[in-house]
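The following pair of complexes shares a single chain, subunit A, combined with subunit B in the former and subunit C in the latter.
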Partner chain A sequence: MSHSCATKPLQSNMTTVKNVQNQSGDSMTSNSTRRRRWAMPVAAVAAFTVLSGCAKDAPQDTWQPAGENARKIHDLQVWPFGIAGIVLLIVCAAVGYSVFKFRDRGQAIPKQSHGKPSLEIALTVLPALILIGIGIPTVSTLFDLAKTSDTECVVNVTGQQWWWEYDYPAQAGCGGIEKPIVTSGQLVIPAGQHVLLRISSRDVIHSYWIPKLNGKRDAVPGRVQTLRMQADQPGIYSGQCTEFCGLSHAYMRMEAVSLDAAGFKTWVDNQLKPYTAPTADSKYSEGEALFITNCTRCHQVNGILGTDGKEVIARPDKYVYPGVAPNLTNLMTRTTFAGAAFDLQTEACKTRLWNTPPAQFTAAYLEGVTPQCLDIVQLREWLRNPTTKKPMYADPTKLATTGGMYRGMPNLGLTEDQIDKLVAYLTERK
Partner chain B sequence: MAISERNPVPALAGSASAYVTPSTSFGVFKRPVQSTGWRSWVFTVDHKKLGIMYGVVAMIFFIIGGVEALLIRLQLAAPNNRVLSAGAYNQMFTMHATTMVFLFVMPMAAAFANYLVPLQIGARDVAFPRLNAFGFWCFLFGGIFLNTSWFLGGAADSGWFAYAPNTALAFSPSHGVDFWALGLQITGIASLTGAINLIVTVLNMRAPGMSLMKMPIFTWMVLVVQFLLLFAIPVITVALFLLTFQRSFGAAFFSVEKGADPLLWQHLFWIFGHPEVYILVLPSFGIVSEVLPVFSKKPLFGYKFVVFSGAAIGFLGWGVWAHHMFASGLGPVSVAVFSVATMAIALPTGVKIVNWTMTLWGGKLRFTTAMLFAVGLIVEFTIGGLSGVTHAVAPSDTQQTDTYYIVAHFHYVLFGGAVFGLFAGFYYWWPKIFAKMLNERLGKWNFWLMVVGMNLTFGPMHILGLQGQPRRMQVWTAFRAGDGFFNLAFWNRVASVGSFVLAIGVLMFLINVVYTHRTAGVAPADPWDARSLEWMTSNPPAEHNFDAIPTVHELDEFFHRKYEENEATGEIHQVSTYEEIMADEATRADKHIHLPSPSYWPIILALGLPLIAYGLIFARLLAVFGGVIILLAMFGWSMEPSVADESDYDPPVDGGPTKELATLG
Partner chain C sequence: MFTTGSKLFIGASVIALATAIIHGTTQDNSTVGIIGLVSATLALVFLAGINLWVRDSNVAADDAAVAATAAASTATPPGSMWPLIAGLGAALLPVGLVVGRVITWMSIIVLIVATVEWMVQSWSERASGDAAYNTMVRRRIMHPLELPVLGAIGLGIIIFSFSRIMLYLPAVAGAIAFSAVSSIVLLFGALFAAKRNVGRSLVATVCAIGAVGIIGAGVTSAIAGSREIVKHEVPSFEENTCGIETDGESDDHASRAVAAKSNLAATIVLSGGKLHAEVIGVIGAQDTVTLARSKYSYIRFENLDAEPRRLVADFGTETVDVNGTAVEESFTTCTQAVGQGGAQFLVVRPVLPSNASETPFTLNVPGVEGGVVTVIVP
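What follows is the complex of A and B.
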């Protein structure tokens, strides 16, 4: 069991064989993991003892808080869960005892008693007292978790079908951000700081949830709602949109990354560095041209200049609902794409990043998607035909059913050569 | 109307022609007075026939909803599975919930209520028999209408909660949501008319001597549920109208870009939706509160407490709706209020569990299949109730809501609670309704497979949810499954296997029904040594239920006629048998019993509703046609006397049945 510890070395667990057939970046099924999963329940008791030590639970385990907000919830819910368990045992014992003790063995018909009010009242008052005992800390925790006065850093989080946009307003918080940053795929926050998410939506209701950092908060169009975020240590935490938001709800994932203060500053500076155009007459510059013709209808790369020398601004028209697509300026600084549904990294690199200890995590993350780690297959498949990888209302032949509106990325009909060049261009967006 | 049958007035009873009306059915058709053949079912207004039809149709929808559930579990059995596409999966879970809630549990409870309430209170029918028939046809046509969406461009894909603005045309472009909204509107009419009918019946038509506190507990719980329906259905009706106007007529009730707040829908839906939970589960509470005393040979422990706790749940159920919205962003004050209110509702629910357990205590327990389901309910529902308390803790709920932990919770409540209660009811009342005993051996298989199946299916969902697996996700991924003991892959597989065990358990019931009706002989009239009035009837009950309306002296009247307590020793001994009691009753049989006659109008009126609904979706002209049918049917109905005219009957042949006998069948 020890090899399933959180700090396990990469090679013991994950082979570097890439599973090209994988439909999703998140799937990492190898034979070894499959075998181990089957073996686990057989040794259930053993597994339980290991649990306290190092067996690795799902990354969205709600009982392993990694920040103060999630910890407050955890410390609160331990009690009702425990009490509920005890009550269940008592009820089972009483029913079980009655079932065995009072089975019909030819005894006389029992006295036709209609109850005992004193017992009834006692058994109503007792749970009432228990509930008061649970209710008081519930209410106080509730107000604690709604507090915004200790905010040190603000991030605007906007949901849309089926991805999250993170924009960082210029602020003195977060260690200082001079100009607004717009990104997606991964929420990056400074470790230890009280971050306040201001959550909204551009279309339907979504819900933002990073279980290890806090409970969930709905993203409601027309409203801005707040959610506290704080991570104790640098690391990466997974989440998932939890309000059903239409066709591709299952693919609307999120990841939150916390970096140490210096690392966060480095990340901010990198996000704000000016655009450098690729060298002329290379596959990169051809890729840039292709990007301008094919992608800038929806996607923005900050600072990119058109043939007329003017900056190209993404101009989604009325047929693109809800009107935006992720900003790709620094695509390779994050490790996911398409609503965190797919990875830019190979499985091996992803596993290594997720298992990097907190002390080394910031440096590992800031490396971005290195050429060695780039999973070019996923990205190419996506560019070839996005709707086969992720369900979206973007099939041009079926637009009649959506009133001509696109939601999601359509098949652009790119040739393999064009895909090569676009991928080359995108891999330079660091 | 049947109301007059409580104390038949000889003058009226003797001459139906006293009604001054145009000739029956405008003189074109004779009233469908047949007492056998398909007409006797299609045009019936008999509460028992309607009850059976409610049950049969609900069972068919249970099977459909079950198949949908199995497909969902197949899709989730492995990571990134491809059994269902995202679109199909979304339709599947929407229709699974819609079917189980609106087309199985509610109508199945209506089946029991329809059949049993008049019998339990010593009445000959419900207060408004034609309205009763109309309700059934609304339910049937609404259910069929909803399910035809599968073949007409796809079913609703918005979840049964149908949160705005995801139901807007732009986000749900198929006709599925239109079908959903209009279909539920039609079945809602069934619930509403049924509620009014049963409330009037229970309040006005109880046998002499049956005060409210001597009323059988099942009837009590049904009464509470009808009041919940009476106030809850109008709320969903309003919400569904807003939705239909939004989609079909360009209204902007939920259009954010025009200033609407989408939380309006959530409030409307859950103000209906939370009482709905009690609408689903209270009838089953009533059933087990009948079954446990019979097989414990003891009265229900704390009858008054069970009655009042049921009523308390009925009241408190209106003050907890926003606990479905703890993550919606209501603000801490609202959340605190609803959090505490939700904890409070655990108290009357706990009272019920205590009383059921205490009913067993000191009893003389016989473990028939009905009893097994009832005892099973106590334990399984307790699990669901306790997990309910854990998400009354609002901060904790923000981790649990919209995860599989909630799916586990409400399946323990609705399957372990509502459905187990209904199955207890099947086995308990089957000999009363069909005069045949369901096979006990198959019944035990049925029970144990269902218990094992449900715990295998829904038990692991607690783990899945706490490990962070959200609901309504077409796929889950191996990467987020973890590999410890609580890994999602293993427990998802267990749940999927469990769902098939559960399905086999339900199949056992269906096999049992077929087997019983092929082989079993006539059941004894009082096979369980029962306690309440419905068993004081012939086997199966005659169309007029009681030859003489019994006079009630006690709670558990039938038991107290059979047994007496020796005041000195406290010993219980039998003083008379079913046969003796029935013979005694027969001596005071009413001479002239009049039952309302069958009618064409309920089914015709109900038929107009799906026409309007199809018309709104596909061709407005069809809606006009449906509207005309409804107007004509209303007119015909209102002009029709409750009792058929002499001329509606074929003349007696060779001294064949007279009019009266023909009606009575």
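What follows is the complex of A and C.
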């Protein structure tokens, strides 16, 4: 029953109540407060039931582990959660009982007692035992999660305002990586393997968290912290920076993508394939020229050759605070951009990819952003003025106060025609 | 007009003033003398004034009206130390003017505190006819101010004594001594807690003895001076320079030095004429390290060999345009020389990828054949 229904008749009754106050005035008021007293718990229970239904396909849910490490954390939390629930029930029952039993009926204050050693000792020992019971598996899980001796390959993860960079050192692990790979936004790992992330930061403290795969690890400038990653099956798992890191912290997201072993090898080979220049005198080659004049001071595209025939090396350290901008060599192999905050593919394709069953996922992801799936709108908006899509300190009029440096990507004042050509060029980076 | 008592002070004031003038006009460099004589004049004028005001405190014995109202005929107020302290403060003021600012400030503080306390006390003594009530009123007002300040000063003295003792004792002895002191404190605390009816005076005595002991030891240590603090070489954070040898105490930037020992990008070890890298999360000795671009990477260099050696980070060169001429700029950083068993830190921030350079990026030890670890900057 809603609140307003209850008050209406009550008010009209009030006049009558006034007349017969001596007989029923008391019971009327206590009736209405009793009804209100029940409303809160009932609403809370209802809200809880409704909200718990929301978590059905929550992509960032620790209660749905998809890898060994996340499962360890999950298994660890289930028991204490249960015990805490029981303790909560006991406490609530005891409080409820006391509130009801000793409610004020005008009686004398009940007999008070002071100090009961046996009870005090019991109430100290019992929680201590519970905590020890929780502590032992907690500590052993901590050590388990911190283990690095059984990891099969390494990825360096570096946070900066407001996106994550991944670099894969050359290594024998992960099926072999011959040359280093640099990418951003989406962490690609082989499914079922123990991958070790070496996490760090270029500016402020960030925190790396893919809830379905493992707990959080802070990214602290100047230090390297390790985090194990392992996904049981091919799939895509979302996460976000969990240490407030400034203006666009909320847009600092990331995704982990796991592929089967063969698929991962394909991905690696594709990342390392040599650069092919676009055919001359096309919108693609015009796009490349525009890219060299406007973008390569910050963004690296591996193997891109300047007019002098030498590879163009970006110098982002001169233009942006953290000293880097995302490597765009294989932009279209990822499905999101700018801190995994925006999509490169349409909503329908995104939903399809996220719901692809593990057996088909690797193939689906390796297709990259296909022409049918390409969502050109977001990318165009980004190039038109990045700061309206993602708040950044990139105002060209304030360069005097920042020593010529931006935090994020500035508005480059491109014309629609230039944007067309740049987008054409970028969509070929796959 | 002038009472007998005041005449003496008036005369003395005039003499003091005259002396001050004569002294000031005849002597060079006479500041100290003038300060002294003018202060004396002021003090004497003040006393003369008081004498005039109370008319020498002379009351005719047969004056009935005065006998009823005079202060002497009402209850005697309890003695007060504030006039004494205020006098001390006033006397310190000229001393401060001569000796230095610290004493001047001290005297001003003493004067203000004494005046306020004195005023509150004399006001409270007239609050009612009941002495006990008056005392209570005074405490009500002044304790919230007095107790925290006195407590802070007391604590400050104790803490300062602690610090002097710690600086005086050798590092290990300090730890032992203070474990012992804290155990004794704990012991007495436990004894007092267990025995509920210990006398107040006993507790006070024990605390006082403890405090005197610590303050006494503090004063002695302060006089004896601090122990010799061992000097360690401190990480060199200079970028792109070699050869600057800086020395510092281990206590300098201690937090940074400690932080630089864990979660490093790499530890580079020179052992048996060979250089290898140990990298967090990567198993086994490495001959290559991958360092991210434009990021500060902390590197520790350990020399296990007999010869003193230094680690050099060589991150290639770049041709830069300086006023129209091409200048070769090199990205090289070094540690200081490290003796056997020693370690040094190096902070590097390569800004260019290693494939932009013709020569490979390295961490190397000059003069050692196998002393090279390759650096990859993707």
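Rule of thumb we're sticking to: the second predicted complex is superposed on the first by the 359 of 430 C-alpha atoms of A that agree within 3 Å, B and C clash if a C-alpha of one lies under 4 Å from a C-alpha of the other, contacts with A are read in each partner's own complex, and residues count from 1 in each chain.
Criterion: a residue touches a chain if its C-beta (ideal position, glycine included) is under 8 Å from a C-beta of that chain, and two chains touch if they have at least 3 such contacts.
None of these values were measured; they are calculated from a predicted model.
Asker: After superposition on the shared chain, which partner residues are touched by A:C298: those of subunit B (first), subunit C (second), both, or neither?
Answerer: So A:C298 meets neither subunit B nor subunit C here.
Asker: After superposition on the shared chain, which partner residues are touched by A:R223: those of subunit B (first), subunit C (second), both, or neither?
Answerer: both
Asker: Go through the superposed model and pick first if A:I181 touches only subunit B, second if only subunit C, both, or neither.
Answerer: A:I181 sits against subunit C, while subunit B stays out of touch.
Asker: Identify the partner contact of A:L328: answer first if only subunit B is touched, second if only subunit C is, both if each is, neither if none is.
Answerer: The answer is neither, since A:L328 touches no partner chain.
Asker: Return the chain, subunit B or subunit C, that is in touch with more residues of subunit A.
Answerer: B
Asker: Regarding the shared-chain residue A:L213, is it in contact with subunit B (first), subunit C (second), both, or neither?
Answerer: neither
Asker: Which holds for A:L259: it touches subunit B only (first), subunit C only (second), both, or neither?
Answerer: neither
Asker: Is A:A338 contacted by the first partner subunit B, the second partner subunit C, both or neither?
Answerer: A:A338 contacts neither subunit B nor subunit C.
Asker: Take the contacts of subunit A with subunit B and those with subunit C, and give the residues found in both.
Answerer: Common to the two interfaces on subunit A: residues 220-223, 225.
Asker: Where on subunit B is subunit A touching in the complex?
Answerer: 79-80, 82, 85-87, 90, 157-159, 161, 163, 165-166, 169-174, 256, 259-263, 296-305, 327-329, 331-332, 335-336, 339-340, 343-344, 346-347, 350-351, 353-355, 357-358, 360-367, 375, 378-379, 382-383, 386-387, 389-390, 392-403, 466-490, 563, 565, 570-573
Asker: List the residues on subunit A that touch subunit C in their complex, please.
Answerer: Residues in contact with subunit C: 148-149, 151, 154, 156, 158, 165, 167, 169-170, 180-182, 196, 198, 200-202, 220-226, 300, 311, 313, 315-317, 322-324.
Asker: Which residues, counting only subunit A, touch subunit B once they are in their complex?
Answerer: These residues of subunit A touch subunit B: 4, 22-29, 33, 36-38, 40-41, 44, 47-48, 50-51, 55-63, 70, 72-73, 76-77, 80-81, 84, 87-88, 91-92, 94-95, 98-99, 102-104, 107-117, 119-120, 123-124, 127-128, 131, 134-135, 138-139, 141-143, 145-146, 161, 203-205, 207, 209, 211, 214-218, 220-223, 225, 238, 240-251, 321, 350, 391, 393, 401-403, 405, 407.
Asker: Within their complex, state which residues of subunit C touch subunit A.
Answerer: Within the complex, subunit C contacts subunit A at residues 259, 262-265, 280-283, 288, 290, 292-296, 298, 347, 349, 351-353, 355-356, 376, 378.
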